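Common to both upcoming complexes is subunit A, partnered first by subunit B, then by subunit C.
Now for the complex of A and B:
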C-alpha cells in the first residue's frame, strides 16, 4: 500500500488490549490521512452523544501520506477527537519529529479508546507496543517529562506529553512535543488527560513504500530547492511567523486588550526584529523542513528557555493581555507549554477576565487577590498557573473556556467573550475584515485561523466589502489550507515561501501510485469539510446558523484606535456573508449540507449508514 | 544613482509582473512602493541584507531591498 504504513494501531486503555488492523485502502483513497482519516474514523467509530471526556470518545493520532518523506515540510500530523471545549469536531495539527517516527514504526493512525484505570504512557518501538505505568510521572511538566523519557528510553524516541492542565481536564489543554511543538487547539490534551495517558513515546525503524521512487525523489528535491531559492526564504527563516506582528499592528489586526483594538501602542517592543535581537538563540525546524520557523529563545530576565513566542502567542499572550515586554511574553509562553495549555485559548480567557476586572464585574475577591489589569505580567503568570491547576474560583472558571466563563459570570460579559462555537479566537482582529470574520465564523473547529486566512484579500478587495467573491475566497482557502493537514505536511512552504501548489498532486501520485489531480485533492478536502460539518450536526442538538455567529464585539462595537478606529462589521453584513457562503457550499439556509451536496461529496452512504 | 526593489510573491502582480525594479535612489521604500503601485498595506516587511527595516528606510545607491508579501498568516 504505497505511501502508507498499511496498519492502524488500536489501544484500548480500559482493558489494555493492543491490536493492529489493516489500513482500509478505500478509506485512505477517498479521505487520505491526517485530518481526513481522523474525521472518517471519528464519524464511524465514536457514537453519537459520546462524552468527550468519557470512554466512548477516542483520540485518533494520524500522520498523512507525505509525513516522514523527503517532501518539504513533511513533519506534520493530526490529532482528531470530539472536543471537550466545544462539544463538536476538533482536530489539532502538530509539527516536530513524531509523525515520521509513527510512520516508520508502521502505523497510519493510533486509536486511543477507553479510559485507563491508572496513569500510563504508550511505548511504541516498531512492533513492540506496551502500556507502561506512568504514576510517577503524573503531575510533571511537559518539558520535564519529555527530557526524563528521552533520558530513560534514548534520544531517538520521539515523545508527546501532556502537562498538569491535561491531567486536570482544563478544556483547552494541549499536547506537547519536541520541547516546544504543540497540538494546541480544541482540548486534544484534555482528552489524553481524561484517558489517563500521560505520554506517547515512539521509535520506528521501518520505511515507507513509494510507488514511483525516482519521480518522487525528483519532485521532492525540486520542491525543496524551490523553497531554498525563494526570495523570501532568508527573511521568513530569520523571523518565523513573528514577522507578521508589525504588519498586523499597522493594519488593525493585532488583538489588543481583548480585541478592543487592532493596534497596540507599545507593539514596536514586540516586533520581530526586537524578538530576534534580544532573545532568539537559534532556529528550530520540524522533520523535513527547509525553512525552520521555530525560534528557540532564552530570556535572561527569567532564566528560561522556550521555543517561541511565535505570532499567535505574541498576539494572545502579548498585546491581547497588554504585555509589551518580549521576555514577559516568552515567560507566559514557557509556562503554558510546561503546564500544557493552549496559548491562544489561555490568552483569550485571561484577556476576557482582565476586561471584566477593569469594568468592575470581577472584583479582587473574585480574582482570588489578583490585580487583574491589562499589562500586569505577574498576574498573567499567576493566572496561567491557576488555570492549569484549577486553583481558586477564577482559575477553575477559566479552565472551562471563555464561553462557559461568560455564561457563568453574565452581566453582559458575553459581549466581550471572543469565541466562535466555544473556541477562543486566534490572533487576528476582525472588526473590519469581512472575509476573515467569515473564516472564523465557519472554521470547523471554532475560531481558528488555520482553516482560512483571508485578511490580505480583505485589504486588496475592500475591508468592509460584502460579496459572493469574498465567500468564494474563504471556501477556496478552507479547502487548500486544511488539505495540508490531510496530507501530513506543513502549509508554510506554500503560504510563506510561495512554493507552487503544482507540486502536491504529482507528489501524492508518485508516492501512492493513485492518480490524483489538484482538483481531486481539493475535492477530498471539501469532502472532509462536509464530513466535519456533519459531525457538528450529529453531536450538537441545536446546531445550525446560530453556531456560526461571530463574537459580538466585531459586529456591535467599533474598534478603538489604530487604523480601524471606529470601524466594525454591521451584523447584517456578517449574515449576508454567511448567506453567500452557505449557498456556494450547497448547504441550506441553516448551514446544514443538503442531501444533494452529501451525494456530490460521496458522503450520502456514510451518513445514511450512521443514521440507520 | 539607482536602487533595486524586488517584489516577492503576490506583490509582483502589482508591479506588472516584474521581478526587479530599478528605481532612482532618494525616496523612502514607502514612496517607492506608491510610485510603482504596490499597496504598502500588503507588505509584510522590507528586507535589506536579510534584516527587517521599516518602510521609511531610504535605500542607498546600489542597494537592493526586497519587499515581502503578507501571504498566509501563521
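Now for the complex of A and C:
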C-alpha cells in the first residue's frame, strides 16, 4: 500500500503477545493516519467506560502517510488514548525522529494494550519486536534513560521515554523523545506509566513505497524551496516559536500571573532575542524540517542543557508563574522534561496554586512550607519536583490537574482554575479574543491551541465582535490545522512560512496513488473532528454544552493592565459564539452531532455499530 | 566538485538523507543515503555532518577498479563491478562509503546536489 508501511503492530502488555496485522486499506482511505487512525482505533477498540489507567484503555502510536517522506515537516506523529486528565478524547502530537523510524520499521501504528506485570520497554528492530525488562530503568529521568538506551542499543535507535511523573501517574505526564521533543498533553505519558512501559526504542531500515516517485520528488523539492524562499523564514528559524512572546505581550495575549493579565511588566527579559543571545546553542529540527523551531540551549546559571523553552513553556512557566529570568524558565523546563511533566499543565497548576496562596486560600502549611508567590523560582522548581513525585499534600493535589485541585480546595478557587474540559489552558490569554476563546472552548482535547489559533483574526475583525464569521473561522482552522496531525506532518510550514496548502493534496495523491482533492482532505479532517466529539459523548455521561464552557476568569473578570486592561468577554457573548458554532457544525443546541451530520460525515454506520 | 557541510548550520532534520536515497536508489529510505548526520546529545548539543570529500582513497584501494569518476569528477561505485570486499569502506577517512545487508554493492556521494535543494538552513553546498 503506497505511502504506508502496511502493518499495524499490536503489543499486549498483560500477556506479552506481540502480533502484526495488515493496515486496513478502507480505514486509512477514510481516516488517513496519525490522529485520524488513532481516533478510529480508539472508537472501535476501547470499550465504553474503560478506565483510562486500566488494562482496557489503549495507547495508539501513529505516524501518518507523509511521515518520514521527502515533504517539509514530515516528522510528526500522534499518541491517541482515553485521557486520564479529562476522561475524554486525547491525542498528543510529537515531533522528532520517531515517527519516521516507526514507518521504516514497517508499522503504521503501534497499539499498546493491557498492563504489564512489571516495568518493561518495547524494543523494535524492524521485524524483531520484544518486551524487555525495564526494572532497572524505573525511576530514571526521561533523557538520562534516552542517553543510556542510545549507548546500549546504538545511535540509530529512536527512543521515547516517560519520566517519574508518568510512573507516578501524574495526570498530565508527557512522553519525551529526541532530547527535547514531547507528546505533552492529556496524560499520554500517564497511560504509558499505568501500562508499566517505560520506553519505546525503534530502528527501521526499510523504505516507504511511493506511487509516483518522480512526481513526489518534484513536489517535495518545490515545497522545500517555497519554505526556504518564504519572507518569514529567517526570523522564524532564528527564534522559533519564541518569536511570538513579544507579539503576545503587546497584544494582551501573554498569560501573566495565572491569566490575570495578558501582558507582563518584565516580559522584555524573556523575549526571543534575549533567549537566542543568552542560551541558544543549536537549531534543532524534527525530521524533514526546513525551518527548525527547536532551539537547543545551555544555561550557564544552572549548568543544564534543554531544548527550549519554546513559547508555550515561556508563557506557562514564565509569565504565568511570574518568572522573568530566561534561565529560570529554562531550568523549570528542563525539570519538567526530565521528570516527564507537560510544561503547559504544570505551569497552569502551579500558577493556580500561587494565586490561591496569594489570596490566602492556601497557607504555608498547605503548601508544605513553600513561599508560593508569583515570581518565586525556587518554589516553582520545588513544586515541579513534588508534583512529579506526588510528594506532600500540595504535590499530590496538583498531580491530579487544576480542575480536580480546585474542586478539592473550593472557596471560589474554581473561578481561577484556567481549564476547559479539565485540560489546563495553553499560553494565550482570552479575555478579549472571542474566536480564540471559542477555539479553546471547543478544542477536542480541552483547552489547547493547536486545533485553532485565531487571535490575529480576532484583532483584524474586532476583538470583542461576536459573529457567525468568527465561528466559521474557528471551524475552518479546526479542520486545517489538525489535518496536519492526520497526515503526520507539521503545520508550521503553512502557518509560519505561508507554504501553500495547494501542495498537500497533490503530495498525498502522488504518495499514495489515491486521488485526493483538498476538499477531500478537509472532509476527512471534519470526519475525525466529529468522531472525537462522539468519543466525548460516549465516555462522559453528562457531556454537552456545559463541557464547552470557558474558564470563568475570561467571562467574569476583566484583565488587569496591558492593552486589554479592563476587558473581558460577557458570558452571553461566549454562549452566542457557541450557538453559531454548533449550528455551522451541524450539532444540536447541546453540542451533539445530529444523525444527519454523522451521515454526512460517513460515520453513521460506525456509531450505530458501537451502540448496537 | 564535491559536497561541503557546515556543522554549525545543520539542524539534524535528515531531509538530505531522504533526498539522497531517492536519488541513489529511487527509495525513500535515509538508511540508504551517502552522507550521514551524527547527533551529539544531550551534550554538547551539536550535529556533525559527514560528507564525501572526493579524496579518491576509495578508488585507490579498490582491487577491481569498480570506482569511477563522473562528469563532475565525483567518485561513484559501479554496482555490477563491486565485489563487496569492503576495502574502500575501511579506507575512507570520513566513513562515508556505505553498505547495508540488503544491497549487494557499496555506495558513495556522486555530488548530485539533491541534498542541497532540501536543506533549509543551507548547511550543505556543492563547490570545487
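In the analysis below, the second predicted complex is superposed on the first by the 612 of 612 C-alpha atoms of A that agree within 3 Å, B and C clash if a C-alpha of one lies under 4 Å from a C-alpha of the other, contacts with A are read in each partner's own complex, and residues count from 1 in each chain.
Keep this in mind: contacts are C-beta pairs under 8 Å (C-beta built on N, C-alpha and C of every residue); 3 or more make two chains touch, one makes a residue touch a chain.
All of these numbers come straight from a predicted model, not from anything done at the bench.
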| request: In the overlay, answer first, second, both or neither for which of subunit B and subunit C A:43 touches. | output: neither
| query | Touch check for A:143: first (subunit B), second (subunit C), both, or neither? | reply | second
| remark: Between subunit B and subunit C, the one with more contact residues on subunit A is chain C
| task | Quick one: classify A:123 as touching subunit B (first), subunit C (second), both or neither. | result | neither
| Looking at the overlay, does A:217 come into contact with subunit B only (first), subunit C only (second), both, or neither? | second
| said: Contact-wise, after the overlay, does A:251 reach subunit B, subunit C, both or neither (first, second, both, neither)? | reply: first
| field | Which of subunit B and subunit C A:504 touches, first, second, both or neither | value | neither
| request: Within their complex, state which residues of subunit C touch subunit A. | output: 9, 11-15, 18-19, 21-22, 25-32, 38-39, 41-47, 100, 102, 114, 117-122
| field | Residues of subunit B that touch subunit A when the two form their complex | value | 6, 8-10, 39, 41-45, 47, 50-52, 66, 68-74
| said: So in the complex, the part of subunit A that touches subunit B is made up of which residues? | reply: 230-232, 234-236, 238-239, 241, 243-244, 246-247, 250-251, 271-273, 310-312, 427-428, 449-450, 453, 455-456, 459-460, 481, 491-492, 494-496, 498
| task | Mind listing the subunit A positions that touch subunit C in their complex? | result | 68-70, 72, 75, 97, 100, 104, 143, 147, 155-156, 178-179, 204-210, 213, 217, 220-221, 224-225, 227-228, 233, 237, 281-292, 294, 296, 298, 305
